[in-house]
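Both of the next two complexes hold subunit A, though its partner changes from subunit B to subunit C.
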Partner chain A sequence: MYYVELLLIGLVWGCTYAMMALGLTLVYGLLRILHVAQATVFTLGAYAGLLTANGTGSLPLAFLVGALVAGASGPVIYRLVYQPILDKPPFVALVASIGILIAMEDGFRLLFGPYGLSFAHNPWFTDTVGFAGLSLNVVQIWIVIAAVVLLSAFAIFASRTRAGVAWRATVSDPPIAESFGVSVRGVRYTAFFIASVLAGIAGVLVGLLNNLVEPGMGGLISYKGLAIIVLGGLGNVPGTLAASLLLGLVEAYGTVFLDKALDRDAIAFLFLIAILMVRPQGLLGKAH
Partner chain B sequence: MDYYVSVATFAALNVILALGLNLISGFCGQVSLGHAAFYGLGAYAAALCSVAGAPLGLSMLAGVLVAGLAGAVVGFAALRVREDFLAIVTMGVGFLFLGAVRKQQWLGAEMGIARIPSPLDKWGYAMLAIGAAIALVLLSAHVRRSWMGRAFGAVAQDEDAARTIGIDVAGYKIAAFFLGTAAAGLAGAIYAHMTQLIVPDAFNFVQSVTILAMVVVGGIGSTLGVVAGAVLLTLMPEMFRFINDYKLLVYGALLLVVMRFSPEGLAGIVYRLIGRRLA
Partner chain C sequence: MSLKIRMALLAVLSVAASAATLPAPAWAQNIRIGFHAPLTGFAAADGKSAVQGAELAVEQINAAGGVNGRKLELAVQDDQARPDQALPLANKYIGDGLKIVVSGSYSGPTRAAAGVFQQARVPYISAYAIHPDITRAGNFVFRTSFMGEVQGRAAAKFIGENLKKKKVTLLTLNNDFGQALSAGFKEVAGRFGLQVASEYTYAMADRQFGSIVASVKKDDPEVLYVSGYFFNGGPLVAQLRAGGVTAPIVGTEGFDTHNFIAIAKDAAEGVMITTSLDRDSTLAPMRKFITDYEAKWKVPADMVAASTHTAINVAAEAIRRAGADDPAKIRDAIAGLKDFEVATGRITFNELGEVYKAAQIQVIKGGQFRHFATIDDPVLLAPPAK
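Presenting the complex of A and B:
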């Protein structure tokens, strides 16, 4: 029973990672940028959601505001920071992105205090649902539902809509896509918007899960998101989803079996390094 | 006076760390986001030796070798993965080091190692650190002009082309990682003896980013630029109290602004002002 419970915990973690990593892989696929600052968007969404929830008492409204505030911030980061340095070597954008992350972590600390804020009323945190002898907290169930719904919506967007086709065309060949009338600029803004909305919703959910929103909450999840997109084969969407779930499970079981030797983050990165040494192109990536 | 001596020592340690990273990332073009792990490896190795009764010189040698050899192993990883993949792998190495040290009772876990023997006084460590920093500046300048430096440059610019003209890409990558991380180990060994207390958190991801900030703010690839960057970023929080309170905000914003407006850093600005091409 214990191992089944670990399986569920791993899946919940995996779903959280998937929501972050899908956005990171979208951005990487289009621009070859490791968007570490996604963590800032995630934390921003969580704070916006928490302040809305505590001000109005409505969780649906909190998700809406969290998603929109986060969603707006992504394209702004792209326009002000990434767009002017697209033609520079790849480390330039990566370092700039780390700069945003580090600076804003301190920024959130100054604005909202170092100890973090809690939801005044968080019914999902205390309510549990039991089935077949297992008990899950309501937030955990919502995380799985949100991940499934959002990722399915993305799959439909990518395969069935004009904007989705334009996105895929731009990923595979920007100049050709442009010559066929695709607005590459528009595609990039849309990708940043979608990635940021996903991060914002994930932020509110993780805030509810821990009943705590704090300045540093985005850092580790974003570093692991990067590890996941590398594992999945950079820019590869199915690989990213598989790697998210796999990493969630590895962490869940690893923290039990390797507790004496390594902590959770070390397990995640050990797994990443081990896989990359065997398959340098990632789990589902194509060989060079 | 004591205060100035210790600020000077820290500035010298940061120069060593930044020049080490510059060898790897600036000269040889291999992005590393885990430099603090080797700083930590050097500190822990030296501390363990000293606690066991080894003399200072031997402990420092142990710190340098342990960090350098671990760096060479990461250099092998750099043969398998490149650029963005390598950046993430080196970041992972940092978290792996931290997570492993935190769980090891024999390394003091979260509490670290305390009461490390300290054979020198404040002035002694200052001389040691400044001497090591000067030696590293000379080494950097020498490597830059040597055959090895040119080979590093070739690997940085175009690995495949370098391989085509017969440059031993694998060997030079491993050499760059060995030299750069051995320097970090040296800084760690001096740091451990000077402070007599080391904890895992002193070598976390933020520390890695801080070292990286010194390199890019100074001007990646430029020895004098990197020295200036390291000294500047050490002195700034000391000179302005408000910067010390918002250190990460300032470092982060600096990284962002430098990358956005002058990716060649301070060195790039200076070269542009005096109208010379960047070396």
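Presenting the complex of A and C:
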């Protein structure tokens, strides 16, 4: 039963990674930018959600505000930071992205104080649902539901809608897509918006799960997100999801069985290195 | 006007003019005490308390007339809790000619800077960093707080003798702080009839403890000994309680801040900690520190602030006794302090530069830290002397 509980915890962690990493993959697929600053969008969503929840007492409203504030910040980051340097080598965008991450992290620290904030009232954190001798709290259940619903919605969007087809066309060949009347600019804004909404919702959920929102909460997940998209095969959506879940599981078991030797993040990155030694193209990436 | 008078006037004027551009004479200048703390980065929260404690100490000393008629002044620098930041900062203090420096930071930067100050023969006081090697840098380095091992031993005695529990699970932060606490605890656990059922370690950046909570439930200990800081301990304790773990939790001075209670909220109730700050103390400097700190900063006092307040007072007292000019004399004055009363107790330095203090056990009741017990055992809690 204990092992099943760890399995569930690993899946929950994997779902939070999936929501973050999908956005990173989208942006990488379109623009070849490693969007590390996605993590500050995650933190921004968490703060927006927490302040709304503590101000109004409504968690649904907190999710709405968190998602919208985060969602709006994505296109803004693209327009102000990435667009002017799109013709530069990819590492320029990466450096700019890391710059945003650091600046925003200290910005949160100046605005909201260095201590971190917790939810005044977080019923999802204390309420547990028990079944078959297992218990999960309500936040954990919502994380799984949110990940499944949002990622399915994205899959339907990408495969069944005109906008989705336009998006996929832009990923594979921007000039041809443009010549068929696809607005490449629109596709890019949409991608940043979707990625940022996902990050914002993940931020609110992780804030609820930890019962703490703090300036540096995005830092770690950003680098882990990068590791995941590499592991999944850069730009490969199913691979990214598989890598997210796998990493969550490895961490859930690793943190209690390998904890004396390695901490959670060391386990994650060691796992990444081990996989990439065997499959340099990533889990589901195709060998070139 | 005769030439003589005109010449004299000129001479007076030129002397006056040059005096205006020269620095004020030594007796009119402030005495500068170096003080570094993590003002930015992951430890910025403790850095804020550290600076507030030190500033309060300086304000109180200056309000009481300063030191030997001169005002004190802090020369604050940010070390980001990083060892690589500590070296240039230490060299700058030495280059600026400061005669004494206080660390309001963690073990990493403090340990790195200690060697530099020792080599330059500038006295250096660590306010709350716990690594044993800090004072081993040499005879110019002092520490006014507990070492981790000592605090771990106090917790073991408290759990065995006061709580009378046997089966304990350790949740240990995997940095020098957590490991020193765990080592001290395990070293004497057997002596107090404790059986360490299991130990799980976690990393500084961890905020999600699902698998640790599941493991604790499986092990079902009678009591938990939890190390860490408020920013990981707060979520950890909250997640343990939310997960249905009801065993008593004994924490450490890393939880000794109202931020711990602000984060863990109801889950913090009943948590006991080992620390050096007793909220219900009758010791005058400790009482005065607690009330003045809350009045000045509008937040409750915590261990970090009390520790930097202590270290600044030790520095000021040493300057009062030895003058502000000779670092070697200041060093000797610190080493010679006996039963000096400060915000964290009554302290006397041993030959290594460590102090003995009774350990305070505080319990969180009604959202406040309250006195629970005192572990006063000079043999068990003796700091190393070499």
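Everything that follows uses one rule, which is that the second predicted complex is superposed on the first by the 288 of 288 C-alpha atoms of A that agree within 3 Å, B and C clash if a C-alpha of one lies under 4 Å from a C-alpha of the other, contacts with A are read in each partner's own complex, and residues count from 1 in each chain.
Following the convention adopted for this analysis, a residue touches a chain if its C-beta (ideal position, glycine included) is under 8 Å from a C-beta of that chain, and two chains touch if they have at least 3 such contacts.
From a predicted model like this one, the values you see are computed outputs, not experimental measurements.
Undergrad: Does the subunit A-based superposition show subunit B and subunit C clashing or fitting?
TA: Aligned on subunit A, subunit C clashes with subunit B.
Undergrad: Just subunit B (first), just subunit C (second), both, or neither: which does A:L212 touch?
TA: The second partner, subunit C, only.
Undergrad: Which partner does A:P280 contact after superposing on A: first (subunit B), second (subunit C), both, neither?
TA: first
Undergrad: Examine A:L101 and indicate which partner it touches, taking first as subunit B and second as subunit C; both and neither are also allowed.
TA: first
Undergrad: Give one of first, second, both or neither to describe whether A:D265 is in contact with subunit B, with subunit C, with both, or with none.
TA: both
Undergrad: Per the contact definition in the header, classify A:A93: touching subunit B only (first), subunit C only (second), both, or neither.
TA: first
Undergrad: Tell me which stretch of subunit C runs into subunit B once the two are superposed: 20-28, 92-100 or 164-172.
TA: It is 92-100.
Undergrad: Which subunit A residues lie in the overlap of the subunit B contact set and the subunit C contact set?
TA: On subunit A, the overlap between the subunit B and subunit C contacts is residues 106, 219, 259-260, 263-266.
Undergrad: Write out the stretch or stretches of subunit C touching subunit A in their complex.
TA: The contact residues of subunit C facing subunit A are 40, 42, 44-45, 47-48, 174, 199-203, 205-208, 210-212, 214-215, 218, 231, 234-235, 238-239, 242-244, 259, 262-265.
Undergrad: Touching subunit A in the complex: which residues of subunit B?
TA: 25, 31, 33, 77, 80-81, 83-85, 87-89, 91-93, 95-96, 98-100, 102-104, 205-206, 209, 212-213, 216, 246-257, 259-260, 263
Undergrad: Spell out the part of subunit A that touches subunit B in their complex, as residue ranges.
TA: 28, 32, 34, 81, 84-85, 88-96, 98-107, 110, 219, 223, 226-227, 230, 234, 259-270, 272-273, 276-277, 280
Undergrad: Under the touch definition given earlier, write down the residues of subunit A that touch subunit C in their complex.
TA: 2, 5-6, 9-10, 12-13, 106, 109, 113-116, 118, 125-126, 128, 135, 137, 140, 206, 209-212, 214, 216-217, 219-220, 251-253, 255-256, 259-260, 263-266
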